Each structure stands twice: as C-alpha cells, then as structure tokens.
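Listed next: structures, encoded as structure tokens.
Heads up, the next two complexes both have chain A, just with different partners, chain B and then chain C.
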Partner chain A sequence: MAEPTVLTVSDLTVTYRGRGRVVTAVQDVSLSIAAGRCLGLVGESGSGKSTIGAAVQGIIAADGSAHATGRIAIAGRDLTPITDPAWAQVRGRDVTSVFQDPMRSLDPTMTIGRMLNRYTGSAEASVAALERVQIRRAGEVLKKYPHQLSGGMRQRVMIALALAPQPRLLVADEPTTALDVSVQAEVLSVLREAIEGAGCAVLFVTHDLGVARHMCDDIAVMKDGLVVETGPAGDVIARPEDAYTQRLMASRITLTTDRMRPVGAPEPAVVASMRDVLSEQGRPDEGVADAWGAGDLEWERFMGRTAAVGAASGLTDVRLVEHVTRPSLAVNEVDKTYWSRVKGRKVGNHVLTNVSFEIGYREAVALVGESGSGKSTLLRIAAGIEKPDTGSVDSQGVAGEGTQVIFQDAGASLTPWRTVEELLRERIEHTTTGAGMSRAQMRALALSTLELVGLDESVLAARPTQLSGGQQQRVAIARAVVVPPSVLLCDEPTSALDVSVACSVLNLINLLRHSLGISVMFVTHDLAAARLIADRVLVMTGGEIVETVGAERLAQDITTDYGRRLVDAVLA
Partner chain B sequence: MLYSPRRTLKRLERPTPDRPDGAWSALGMGEKLSLIAVALTVLIAVVGPVLMPYSAIIPSGEQLLPPLSPGHLLGTDVLGMDMATRLVAGMQRSLFAAVVVTLIAAAIGTLIGVVAGFRGGWIDSALMRFTDLFLAFPAMIIAMAIAAAIGQSLGSAMIGIIVVWWPLYARLVRGEVRRVAALPHVQAARVAGVRGWKLLWRHVVPAVTPTVVVTASLDIGAVVMTLAALSFIGLGTPAPAPELGRMASDGMKYFLNAWWVAVLPSLAIGLLAFVFNYAGDALRVMLRRTGV
Partner chain C sequence: MLVFVAKRLGSLAVVLFFLTLLVFTLGKVADSDPVRTYVGVNASAEAVEAAREELGLDNPIPVQFGSFVAGAVQGDFGISLSSKRPIADELSTRLPATLELAGWALALTVVIGVSLASLYSRPGRFGAFMRFVFFSAASAPSFLIAMLSVLVFYKWLDGALPAAGRSSYGPYEDATGFYVLDGILHGSPTYTWDAIQHLLLPALAAAVGSGVALARVLADGISSSLGSPWARTARALGEREGTVLRRHALRNASSPALSLLAVQAGFMVSSLVVVEQVFSWNGLGSYLSGAIGVGDFPAIAAVCLILGAVYVILNTLVDVALAAVDPRVRLS
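Here is the complex of A and B:
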C-alpha cells in the first residue's frame, strides 16, 4: 500500500444556481484514490456522482451558475474547484476521461489516427496504443472515422485516447451504459486490463452495482449529494452497513433472484398497490409489508379473475372468469423485411424470418436479444403498429381487450399537452368495457387505476411534463391496464430507469399480471429482468428465435452459444 | 390510522407546477421590448386613424409643408394632405392586408401539409407535386400577373401574394407532421385505439402549431414588404388611397425638394417589417413550453 495518493477531494460542496433556486448537488464529500486503484462512485440519478466526476475533471463551466467550496488535489497539485486557472494544464493531461457516449465524444471529422497521433506522436505508437485496448488490425482502424466503427470499438478507441497522454487519473463516467450487454462485458475487461497496464488511478462513475463490483477496488455509495458509505468493494457489496446501500443491494436482480416473490425491500408505493388489489378482491390484508419483509409473500396470493371481453369471446359485456383456454397471442410464421435505397439500389434488411410462438393465458414470455435482433420489430408487429410481410398475428384473445404497450421511454410515450385523465380516457373510450360509460364513470375508473399503480387524483389533471420519470412510467402502466389488455407488451420498460425504480416497476408488472389475469410479452436485453417476469424466455438473434428456455433454471438450461453469451453478460 | 405509507408517499409525489413563473418571465429584455413594440404598433394602426383630426384622402392644408409645421406634425404632401394621417392610415391598411394574407396562406398551407403528411402514400405525392408547381414560379412575377389580370387594387395584390405564399407552409407543415407522427406518443395513442382525425387533432397538430404560429408572425413582416413592393411598382390601389408603397413611389418625384413625402412612408414600411420580425423570436420562446 505504498502507492502515492493521486486524487484527494476534501470537503467538496457544489451548488447550482438557476432561476431563483439553489440546488446542492454535492455536499461535504471527501475522497481519495491511490495510483493503480479504482474507486467506484455508485448512486442513482440525481445523487451527485456525475457532478463529482465533472469537478475532478475541471469541466464544470466557470460561468457563475455553479459554485463550489473545498479542495481538490491531483497528483500533488492543489486546485480550487471550478475557478482555478490551473485546470487548463490539468485537464486532458493529468486527468483524462471516458464518457458515456463515444459517438458524441469522438470528433466525427477526424480519423482515429489523427486523433491518436496528437498524443502518441507517431503512427507506430498509435498502433501500440490501439493494441493495448485489444483492437486487432489497428493499422486499418487508424484510417477510419468514428462512424465507421461499432459502439464497442468506439469505446475502445476512446479508452486508448484517454490513456495515450499517460494521465495520473482517469475518470470513466458510465462508460458502458450506452453499449449492448454482451459488448459491455468485453469493454469492461479491456478497460480493466488497460488501466492495470497504465498504473493510473481511476474514478469510475456508475449507477450499476454489478458493473462497480466487476471493475472497482473500492466503492463509495452516494445519495442526495452525500457519500453514505465507503469501503473495499467486496465488503460494501457483501455486508452493506448503511440502510440506503442495503436497499440498493436488495434491488439488484441476478439470475438467482427468487421469482415467486416481490424483489427488493418492501416499498411503500408497491405495498399500497398490493393492499388495493387485496381489498378489491374482498380479502383486505394489512400485513402485506411485514409478509414481504419476512419473505413469505408470494405472487400467488394476488391471483384475481380475468375480465373476459376479448373479441374472440363473443361477449358484449364484461364478465369475470377463472380460466381461459384460448392463447392470448399467437404469432404465425411472421416475416418482415425493411427496404431502403442505397446508391439507387434497393437493399433489403431481413428483420424477422419465420417467427412463430404463442403466449398462453396468464403466461409471461420474454423475448431476449441484442439490439438488431428483431425483438422490438416483433413487439411492434404484435402491437399492430406495423404489419408483417407474410404470416399472421392473432391477438383477439378471450381474456382482456387487445394489446397494450409499455414503451421504453415512458415520458415520450405520453402526449405532453394532454392531461393524464385525457390520456387514460382515450384508452377507455376505445374499448368494449368503456363503450357505454359516462365521463364520471371513466374518471372513477381512471382514478382507481392510478391508485392501483401508486398515484392519486392530483395526477389526473397534471400533464406528463409535470411528472417525475417514475411517475410517468406509472401513468404509462396505468394507461395500459386501465382496461386490462389480452397481452401486455413491455418494450424494455426498465432499461432507462434507476435500479430502485426499475425494481418497483418490475414488481408492479408482476402484481398487475397476477391480479388482472393478463398475459405479458416482455422484450429486453437483460436476462435477469426477463427471468423475473417471464415463465418462458425466447432467445432471439438475427431475426430468428434460436432457443426457448424455462425461466426458473435459465442459467443452467440455456444451451445455444448465443444464449450463453447473454448469460455471461449478466454481471452479478 | 396515524401513519399510512401510501398517503405519505402521495403527498411527497405531488406534481410540480409546470411553469411557476409563466411564459412572460422566460423572455429576455429584448424579447419583452419587441412584444411591447408590436403591441404599440398595432395599437397605433388600429385606433390611430380614428383619432387623427384630418381625412387621409382629402387635402387639409398647404401643399408640401415640411415636418414640424404648425397643425401638421409630419408635414403635408404634394396635394396638401396631412402626412401623419396618411401614414397611420397606410399602416392600418398594410397591417390588415398582411395579417389577412398570412392567415389565409397559413391556413391553406397547413391544411394541405397536414393532410399530405398524415395520410402519406399517393395523396402525399399528389399534393406535394401540386405544391411544387406553385413553388416553381417566382413569387413577384406570379403576383404581378394576377394583379394585372384582375385589375389594380389592394385585393388583387393580396390574392397574388396568397397564391405564391401558401406552398411554403404546406412544405413546412408536412415535414413537421411526418416528424411528429413518428414520435412514441403518437404510436402510443394509436395503440390506445385513437385513430384518424382524432389522432391528428389531439396528438399531432398541437405539436405543429407553435412552428406555424412563429413562422406566420415572422412572415407578416415579409408580406408587408412584398405588398409595399407591389404597390410601389403600381399594382396596388391607385392614389389617393393611402398605400405606403404607392406614397413612396409618388413621392420620389419630389425627393430633392420635399424628402419627407418619400422617406416617411418608407420608414413606416421598415418599422412594420422590423417589429414583426423581431417579435417572432419572442413568440418562439413563449410557445416552447409544449416541448415537442
């Protein structure tokens, strides 16, 4: 432990001033990193972790909007945060950075070689720098522009660029968040090895505990601008002491998480929804939270009856039933090709090839694959947003009405100038259930659904722009289930969310699926989340379903190479 | 029950007010000034003529009195009509004509653009080729031809300008509609069962409106200029009607000994165009709140 300390942050406080409000982003934070060590700064959005990252890089704009106190020392040089004129000598020399999106942080007008040569001085040295980040055929890559490379390659180039000036400190701000899961694991190991070779200190900013454990020697957990816990990575992960860290750890989802019970620690919003469900089913239970905490709350307990109003039922009124035999969604031999013109010639891109599967009553099926595997197109076809070239989709089930979608970006899926009540009413109006309803009845139905997802009537009159991300996600879910659909299609509903919010969304989907008796199709790239919701997992690649696995023993039962790669990509 | 997790949670999660300070405070000093200037200009143009002591088309004093003469603040013209009265009346005419032209052009263009962009397919192709047809002609020439064909009057100049002006809106709106229709919230509304005109009206058009309004407000200035140019070359209503362009061109003959007869109407045209151009930016800031 004789390594010298490279970065020391002492009592750093950063406040932002904007339009009459002062926001404290970081409060009294002290950190230090020794050479050759990697410190993980873990926290949810708004915890101040990126502000610290920006402060030690000296890239917070000194335009008066941000104010800081405390000291930052880098490689023996003592600096005043934000305003010190010496930052210009530190930035890009002693401190370099790897950002989240390599497409935006690489200069699109320069070849990789031109960018690298500025630091290395010669083409040979640049080749060596690229080889250090395990890029084969480095000579060819040097002649390319950023847009000609894949996301993983770009991030490797970014790492090579960041290490080329031989910095004392490297700041990596969510370097793999924008990448595909299987690429993420590769890039992380490249980063790990390159850092070990370079011997610099690393500040690794991430929201993902799995990534932090994989990468870091030490971990600092942040919440609301404060560091709540620091320690060696193994200790913090295995024996979290702070209550917040414990909750964060509990919301982690792995391939061994219990599927039968809610994940994470009991959460007021979800507990409230559970009570609503139970009292509506005529068996109120005040002990739900305790049962959850004690680990004997199973999803089975929330089983409710299904509203049979689907087009195939032949009914015109709503009737609650115990069981349905007809499958909720049947996809038969669907093909889809997108055509585009490249230099005047028609080029076809086969997105889906002969895809068939069924989703049974009350069944949940996950479609798992990387971007470009065709899983999202399949969801859009199932939702009726797009038409298949050949083949058919039958979503005219007996249970529930039609298909509904929860989109990845819930905020963008809500029309910004319409109120929540109007958005929910629109769905109700266009169903058999809502056909004869008055305004007041629709309002009551909307309200009871909002309560079911943990919101109240103050939200009814609000516009989506007034709501937080978590609230928007809940409104989107409420719209999808206000009249229970036959199949609920979920398009990566958790990938843009913080771990704890993602956790409560997954719990909510599971709760609704059991209590409303609906089927779910869950599209995701995250096997752990897929396993939690789904009974069956379909692995997709290249527009085909290559494997169907039962969810319970997913990690053991998966056989295809591609499936195994996805399993390995789950960083536990 | 003293403690209910649900109530507590909901109280914490109250939606924040959308814009606590309102749209006005989002504006900078210059933008506020520009809106005030527009309001003043419109006020002068609307109520000014009523307040003026003279008639705009009847001589009321000696000929070619210079500005600051007693009783005639801005002087008189070659027939002895009061300049101030004629300018205010001219501004009213120009402004009225420009607003009407812009509104009609924007309405036609928006309608065609919305239909083309939303329906797509052959309807889109047909409507857009039709629009291209109009875009292919130089604006001034076609306006001159129409004004010449149906006689010299302000009305014919206005029709001429409308004919060449609407295609710009059709293009603009079609592009916006296509962009907005591909956004997730429109797809989500489609999945919720909203179709056809309802989908268009509720989920697409509100996102396009700010663009159209801002463009239209900027265009009022440009239409004032174009109308004045047509009037200047003799395609507006003939004298003694108080038209700024015609007044400027008639005044050219006396430019050397009575500069005000030509210069003052030109300044009035410039003022109108400038004020509306400047205010367009302020309007854009105010309408940005929808965030699409």
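Here is the complex of A and C:
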C-alpha cells in the first residue's frame, strides 16, 4: 500500500455495564484505514458500529460504565481506549468528526463564524473553509446562527468545522441519516469532495448500504459487535460472502425491486403471518417459506374472499383499479393554510393548494415529497385529524371501518402506560364490529391480529416501552388493522427502522393489503419504498400534486424536474 | 432590539396602571376610614368633615382616582395619614436604602447560585451532600436565616458583623442615599467599608433562598448542556471540559436561570419586608409594615406601586438579557 496507515484498531473489545448487566458492544474488532481511503462501517442498530466511532475519538464516557481492551493507533501514536490522557493531544487535531443530528450538533447561541474562526484562525480562512463545502455567500453564513440555516447547510458547516483542524482521520457517524433524501445526495457529494481535497482517512459509520457504496472504498459489515465481513466496497456489495451480509443486501429496496413478491430473505415472523392468512382462508400452507426463498411467491396468492368480491365486480385486474366506482378515500379540492404571527403581522403558510385524488378499493397510493411539501398535512387531513380550509374528504369505503394511521414514530404513538392488549382493545371498542364483543372475544381478536403481524401472546401483557422499535411498529400496525380499516394511512412507517425490520414491515403492509382488501395511502420521502407498496405514486411539492405515475416503471416514467431529482436521490 | 425594549416599557405602563387601580380599590373596600386614621378617634364631627375635604375624600370616587393617578405620575403620593407628612418626602431616604439592599441581595444571589451550581454538579458523595444542604437551606424561610445569621455573626462571633442599621456614622448631607456609593463619592474608605459590613447580613439573609433555587436550575441546565450533541461536537473538536463548560454550557444554561431570577426577584421584594424588620433597616419594607399596622392606606399604596414598578422593570431587564443570551429569542 502506497499511502501510510492512519488508523489501526487491534482487538478492540468494549463492554458496557448498566442495571446489573454487562453488554458487549464490540468484540475483538481489528481494522485499519490508510490516508485518503474511506472505510464504511455498516450494520444495524446495536451492532456496535457507533461504539467504534466513539472509541477511535476517545469519547466513550470515562465514568466507569464502559470497559475496553485492545489498542488504537492514530497517525502512529499508540493509545489505550477510554483512559489514555494522550487522547487530549489527538482529539480535535488528528481526529475530528461529523455527527448525525445537524439540528442539535451546533451550539445554538453561537454564530457560525464564532464557532469556525476558533479552528480556522481567521474570518478569511473560515470563508475559504465554507467555500470548500460549497456554501455560496459564505460571508453572510458566518454571521448566522445555526437555527437560521437548513439541515443540509448545517451539516455542511459541521463538515467544514470537522475539516478545519486538518485532521488525519475523520469519523462520520451517520452524517446524512437525518436529512431529506435529495439533500442527502448533495451533502454526500460535498463530503466526498471535501475529504478528497483534505486527503484524510475516513471512518464512515452508516446503516445504509446504498450510502456506503456511494461513499466508501472499503466496507466492514458488523453484527452483534463482530465484524462479519470486510473487503473492497464493490466486492462486498456485489458478492457478499457472509450470510448476514447477504441478508442485508437482499433487504435493500431499489427502483427495480420486484413488486409482485415479498422483498428480502424469508423472515419467520412474516412467513407465520402468511400461514395464518392462508389457514383463515381455508387453504393449505403450500410451502410458503420455500416458495419465498425460491422467488416464486407472489402476493396474488393471498387474495382472499374480499378480493373475490372485487373480482366479481367485473374488473379484470383487481389490483390496478382503472375505473374507480366507489373510492375508499376521496380527497376533493383541499386547501389548507396555517397562520402565524411574525412581528405582529399575520403570515399565511399555504400548505396545500387544490389537492384532489382518490384511492380505490384495495388500491395503494404513495405520496412522495420532501419535508415541507405538505404530504404529512394531507395525511392528517385524510385521517380527519385536521380539517381542510376548503374542500372535502370522503372516506366511506366499501370494506372496512374508517381510517387508521400508522405513524413514523411508533414508540411515541403508543400510550406508554397501557398494555398492548389495552391498546388494541381501545380500537376494537370504538368500532361497530367490536361494539357487542365480550372481553374474551376482544382478547381473541387481539391475539390473532398480533400473530398476523408476527408477535406472540407474551406481547399482550407488555407495555410499549418494554418492546423493541420493530416490535412497537408491529403493535402500531396491529392496532391499525385489528378491525380492518377502509383506508390504512401510513406516515413514513419505515424511515426510523433498520433495513431488515423495515423490510418486514413493508412485507406485512403488502400482505395485509392483499389479504384484507385494505386501501393504503403511503406517505414517504423514499421513492423505492413508495414504489414497492403503491400502485400509483403521487409526487408532491410546494403543497401541490405535480405528477401521478404508475409505480412499476416509476424511474422511467417520471417526467417533472422535481420527480427526476427524487429518482436521482435514490442511491442504488 | 430597541423595538423589543420599547414594547416591554409600554407594557410596563399598562401593568402599573392596573396595579394602581388594584391598590386604590383595596384602599376603598378596606374596612377602615382614612379620615378617622388621620384626625384620631376623639375628633369632633366638624373636624372629620374638614379633614375629609382637605384629603379630597368628599369628591366622587372616579375623581379621587384621577387625582391619585395624576399625583403618582409626578411622584406625589399624597400625605401620610399617620405622620401627616408628604409620603414622597418620607420615602426619599427609604427608597435608596431598599434599592441598595435589594441590589446587593440580587448580586449575592447570583454569586451563591453560580458557586453552588459548580459544587452541585460534582458526582459522588460530595455532590449528594451538597444537594442535601441545598434542600435544607432552600426550605428555610428568610426570617429564620436572618435570625440565625444575627446569632452567629453578631452574638457568637462577638460582633464580627453589625446586626442593625445601615451605618455607624449616619448619612452625608446632599448624598445619593446609597451609602456605599456615598462613601466612594466622598472618598472615605472607612465609611464605605462600614456600609458594606452593615449590608452583608441582611443581603445574605434575603439571598440564600433564591441563590439556592438559582443554583439548582443552573446546575440542571449545565448538566443537560454538557450532555447535549453540541457539547459532544466541541469535545470532538478537541475542547477540554473546562472550555466546553465556559464557552458553551454556561451560556446555554443561563436562559432558564435568568427566567428564574426574574421570579426570584419578586419573592425577594417580599422577603425584604421581613428582613428589614429583623435588621432595623430603614427601608420601604419596614415603612410598609409600619403603615399596614395603622391602616395608612396612601402610604401602603405608594410602597406597593414602587415595589411593583421595581419588579416589572427587573423582569423587563431579564427579558432583554434573555434575548441577548439566546439568539433564537431575538431573531425568531
């Protein structure tokens, strides 16, 4: 290797002690990065990747809760993880970092200039530093406070700050995860150019294989504190050898993923739900798991009685409803403006302008757009949580009862002091289906729904805080479908989840839609997920629907500039 | 910023108007006849009538209120019913006394708050012990602390600090009435030092409670600031803990502390009434308790108005300080 090695980690093991338990976050990890190279540390939450990111900066809390063995060498200097006073010489000089949350990672009381000048030495050098991260009018930005900048701008400032001391090693911990997709692509290319200019080594921590491929020369895949596979990025992505890496790769959703079949590797919980669906319809199992694994399990197979009703209506292709006779959800010419006071004057923020669309029986429609495009407001209006200024919403579908919402943050949408059984009963009690039910009947219904989403009886008595993020999201889905709604409204249900969990949630929504005949409105900024779930994709920007595209050939058929930008932002 | 300050001053006028109305109404509904207080219990009916006319109490109530407001605006609060002297004259020496004490008490609050806050966030047994001391001190009423401090510093330590009055020497002629300032203006270190010694105990008694409360809020703010993502950013850029604290955490933690200080200033005004009694401090507080005792409503009204104005002005200052500390308040 021509370039000198900047970072060497040898046999690093980190354990945390808390609440009487000892958790091994990182076990016997060894890696090295040469100058000018970018190593991607890829893994799901809890894999230990962020712990390594913190360890190589020496910022693991030294309060006795963490214990570490092994060696870390940075720019030729040997360091003991955690306790070494020499970290003070290294941190901020040889190693700096860019963090995930650009909203809160900059001191809110300081101007960008005051922050940056300290590390660049002068205002002129700060301007140059900002120009290196492609910020125009850098002089003005220096006078601003963090809250006056957008997320993408703040993250550029973060990058400028991190590169200002001319470090040998840059640690980037999920630097774009909190950003909008199209901004993400921009910031990544800024970061890439900036680090190429700086010539430093980069440790890039991410859960997103697409981002890793875009950014990194080499990739190390982590699972449960162990590195399971390392190699050049192209090799790991194209020919993964480890079973876990293969699963991770299979869980990736792109604009060419097969929409007719479940995505990812067969997952026991989803397979169990599929068996339930089939047995309820009085049909044999037919080796669902094997069929899925072999790639010839189509969603068609789960079409139940309700589908037969649809088919009886004379439509040949039930899933692509061309002529909506009785839409499950009709939104007619909806306008919405939020008013606020700025300096005593009333200022209107026009969120939605003359929005109309319909969702047919068993149809799934995705709304895509960036934050601020009005898509979440539209969802709240469709759900009846908010009232439109003008226009109307009709959600009297043929099948199911009312509308139900699955929110992005499932943990926050579940009342923390209620048990899962109480949460599900709450929904059942408020429907006509559940009105005459006894406690025992409701319990049985709750239980069968939990099985449908891949959870077992033990969850009934649990409270949301005792469940993992993926389990919480499943409970939220179970609550939404325990009495099948006419329309299921999903607000970014997968964006906070790990890829494998996101995959099973998407599979679950698809399964429920096909077996229960529910219509789905899927709000997301992720075009690939939108395409997977929906039959039609509505592109929203500035409070208007600018384009409606069929999902299958989305990438080819999308025509508006804005839509094309979203397509380009999907990092394949 | 100027508009911001102007707006706050405008609301100050409104608040004071309603305070005046409230105080005036209280005087009218209270079960005591101001004329009787003025002329005495044994005065003849003619004397009572004459006094009523002299005090302007024969006019309709709206007219009375109008002249009350007109007088108050010019600093004329009428005549004290008990001493029969203009209230403004009586207050001219007492107002500086109270303002001086309040100023020192506020300064001590900040000193106690900041220094205790730095002890408070220490981990381990020492921190736990300090938290215990804090709670004890914060739950003690100011008069108890006042009497305890007299006991310790005056009695047991044999008069280490004076426990009564404002000065051993008496006021200068043509002075500001702020003794420490007067001493400095007249170039007398002895006089200044004496005034400071007299100030220490009453200011401490008034400051302990609010200082402890301030320390708590400040310490909480600092510890959450130190755990915030931007503090992590600063550390990753190589800043040492002390720098993170001084450069980043203190300023971010000071917003809630400033808000609390504004509320504490209000409590301090009321605790001064008691503290002035204990230390025979000839300020507004002792004047007020004297006036309440004899039902001297014009005097009560005057003191209430002045204390109210001081409180509102302090709050305005805190709001301005908040805007200066936090750009999100200023620029949003």
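Structure notes:
The rule we apply is simple: the second predicted complex is superposed on the first by the 551 of 572 C-alpha atoms of A that agree within 3 Å, B and C clash if a C-alpha of one lies under 4 Å from a C-alpha of the other, contacts with A are read in each partner's own complex, and residues count from 1 in each chain.
Definition applied: a residue touches a chain if its C-beta (ideal position, glycine included) is under 8 Å from a C-beta of that chain, and two chains touch if they have at least 3 such contacts.
Worth saying up front: this structure is predicted, and the values here are computed from it rather than measured.
Counting the residues of chain A that each partner touches, chain B and chain C differ, and the larger count belongs to B. Judged by the touch definition given at the top, the superposed model places A:Ser438 against neither chain B nor chain C. Within the superposed three-chain model, A:Leu161 lies in touch with chain C and out of touch with chain B [touch as defined at top].
By the touch criterion defined above, A:Ile59 lies against chain C but remains apart from chain B after alignment on the C-alpha atoms of chain A. By the touch criterion stated above, A:Ser105 is placed in contact with chain C alone, chain B being left untouched.
Judged by the touch definition given at the top, the superposed model places A:Gln471 against chain B, while chain C stays out of reach. When the shared chain is aligned, chain B comes close enough to touch A:Ser413, but chain C does not.
Once chain A of one complex is fitted onto chain A of the other, the partner contacts of A:Leu455 are limited to chain B, with no touch recorded for chain C. Residue overlap on chain A between its contacts with chain B in one complex and with chain C in the other: absent.
Within the complex formed with chain A, the residues of chain C that make contact are 123, 228-230, 232-240, 248, 251-252, 325-328, 331-332. Every residue of chain B that touches chain A in the complex is listed here, in rising order: 5-6, 8-10, 13-18, 21, 183-194, 202-203, 206-207, 290-292.
Here chain A touches chain B in the complex through residues 19, 268-269, 271-272, 275, 289, 383-385, 402-405, 407, 409, 412-418, 423, 426-427, 429-431, 454-456, 458-459, 462-463, 465-468, 471, 476, 479, going by the rule given at the top. The residues of chain A lying in touch with chain C in their complex are 57, 59, 63, 88, 91-93, 96-97, 99, 101, 104-111, 119, 145, 147-148, 158, 161-162, 165, 171.
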